[in-house]
């Protein structure tokens, strides 16, 4: 019994010691857009390497709308968003900090290498007006078009609608919604009749379609020729302070590390 | 009288009537017979196909360097590192879950079997455990997230700078996982205790030992293999679970300790396990590198195989004569380990 | 509970009993807390929608999206939700998978215990145990990378896709893929239990039947299966619980829309996307802190919890006849 009492006492003591040590453990919690996610992960790792004493920020997903509302509610310190702020929809009191730009490509299956689509055709396909590949100039196959969309919370979907379809048109509700760029890429690459849209970095294994004659690649996006480009934002509740400010300052400072990371698959703006 | 001749002893053993062949069965029965064969062989083939497919894909994509490299964020499969962190994560979560579940489970089983008063409490606990065994792990996960996000439990995980408790850490995940393993440990131990002959207990009490002493010194050591197999089954269930990990462990790429305190820091930090690593790298997650997913899935399968072999060894299986035939639902519990 | 007790209870015994009893109460309290918390958090969603929570009306994806964005649909409050596509999807996948698994596992168990040569049996048993232990994420991986594309290539043709194109899009992630993989997941458990139960049938019963001239198949069908029926029922309950709770594999494989598959579509019905409830919870996990969305997710979780409890009860009821034969459960 004496042994047991000592054991219990030491466990309790250990826990008690852990509590104050624990009170100091804080970390930057970042979450939101799945398009910004790979960039945010790389930036977080590099930030921790640059400042080893600061614990690496924790980066999660959930898509842009979750990032914005999470930042507003305090669930995240920083929310990631791949769509521009929408007045009247987004919660009030948020500050959006632009960190990079990213391109959105229309993609088709490799066995249907459509080389170019005009704005009118893109509108027609994605709103559901054109339902068959025979109605698409440049298509190598025939049959019904399998439309792949993103989930409602996706910033990429908002960006796509805004850039390619204009303010008023919406993507057809019969499209299959995928919850990440990766799933969208997988869906299009495994279905011959498929068409969808992804962020630049996810165009491996699928055919990236030129838009209005300009091929969709990083070079054209950087030069400004390709028009399907959208902003990446980091969202905070109110003006960033303390550790959040430090991190955002580092990201937007345009130092060699951040420039190298961002330019690898995205467009650096600082 | 004497003129009746005795039957002549037969030259050899009497010839048995020829066994009725299947051809003599009615058509329906013959069709059923063929169907049974087809199903049996079909099941064999499907199982073989799955194992072979995972084997081939896994071996082709598995590189030994992946065991020691840490994952790093990258969209290209060649640069995204290995899975040393997820393996450590799996070990950590399994260890925490088992350490919490095993003593609790054995103690509960001993109480249910040897004490069990008041009776309504025992029945309530039994039903609760039975229900727990059937609860989907996602429901456990959302409950766990709620509990560990409470601010008074903030020391078990990390805080955001604005003060919100994330509720995501190894300790949190391990604690929720222990509820997955608990019913299995309790069931195994109870079953084994029930099979112990009463004379063991009678002898011990006759010698003047208290019930507690009897349990600790006589009964539990006698059923050590069953306890071990129950614990290993629980471990198997913990290793195979993805939902709780994805929701409660935060599924960050690397294991990130909360601060620099040696062990407690890692336990309060977030990380990933093999299962969440496979999920993240599959097209359903955000990593999108199916080669790494296959490799990690292959490693998972090998672990499952090893655990299976361990259970067989622990229960002394393989020799049909010595193996006591367990009840059907004991087998059910054995095999329902991954849910 | 054993009836053997020591002659006198000592103080240390009482202390140990009290400690262990406290532990049991603690575990009971935590489990009770689980049930109560989930139900309490789910209540707002149920009280707003009433019984039509289970009904149909509108698109589940849209309803969840407006909860996330905080812009309720016209004429409805923020908690508006009609879960019929989810409920129907869960019912479809579970019932179909369990029905299929029941047939396959019974036949396979009969094969294993009666007809299989010894070598095949020795091979099949560890293989089945391995299959039962494969984590669901691995099944999901195989499904999403191998089976779904195969089904899309070989079983879906343009004509079929066109026939429902104005309502929903068909691809490899559909009811068939989900049901097939789910069946493969729950069959090994059922085979093992059924085989065990069949082998435990008293040999004298079968010998008696053979002595009466009944052929082997009829003996199995009329005697062995009947005796093993309670165990097979219990196995079915266990398999149903697993199918109901399967979240990860179904989230990876079952389709991008919460759609109520329509049996009136004929064969196309088998290829329509579904989204079972557990998969929905898993996919929405990031949005739990958003007020209305959180209540809705907990409501779905509450439905699953209640179903699991009812299945536990059914399992207990199925075990009762086993006692009649003196078989240990």
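Order of writing sets the labels: A, B and C. Residues in every chain begin at 1.
Going forward, a contact is a pair of C-beta atoms (placed from the backbone, for glycine too) under 8 Å apart; a residue touches a chain by one contact, two chains touch by 3 or more.
Just so it is clear, the structure is predicted and the values come from calculations on it, not from any experiment.
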| message | Farthest chain from subunit C, going by mean C-alpha coordinates, please. | response | A
| task | May I ask which two chains are joined by the most contacting C-beta pairs? | result | B-C
| said: Taking the mean of the C-alpha atoms as each chain's centre, how many Å separate subunit A from subunit B? | reply: 37
| Using mean CA coordinates as chain centres, what's the subunit B-subunit C distance in Å? | 17
| said: Counting only residues that touch at least two other chains, what does the list for subunit A look like? | reply: 60-61, 75, 183, 186-187
| Which residues of subunit C are in contact with two or more other chains? | 144
| query | By residue number and range, which residues of subunit B touch two or more other chains? | reply | 283-284
| message | Please output the residues of subunit C touching subunit A within their complex, sorted ascending. | response | 59, 61-62, 64-65, 68-71, 144, 148-149, 152, 158, 161-162, 165-173, 255-257, 273, 283, 286-287, 289-290
| query | Once bound in the complex, which stretches of subunit C touch subunit B? | reply | 1-2, 4-7, 9-10, 12-13, 16-17, 20-21, 23-25, 27-28, 30-34, 37-38, 41, 104, 107-108, 110-112, 114-116, 120, 123-124, 126-138, 140-142, 144-146, 184, 187-189, 191-194, 196-197, 199-200, 215, 217-218, 221, 231, 234-235, 238, 241-242, 244-248, 251-252, 278, 281-282, 285, 288, 297-298, 301, 304-305, 308-309, 311-312, 315-316, 319, 322, 327-329
| query | Can you list the residues on subunit A that touch subunit C in the complex? | reply | 31, 60-63, 65-66, 69-70, 73, 75, 89, 91, 131, 143-144, 146-148, 151-153, 173-179, 183, 186-187, 190-191, 193-194
| note | The subunit B residues in contact with subunit A across the complex are 72-75, 154-156, 158-164, 166, 250-254, 256-259, 261, 264-265, 268, 270, 283-288
| query | What part of subunit A is in contact with subunit B in the complex they form? | reply | 18-19, 21-29, 34, 37-38, 41-42, 45, 55-56, 58-61, 74-77, 180-183, 185-187, 201-202, 237, 242-244, 265
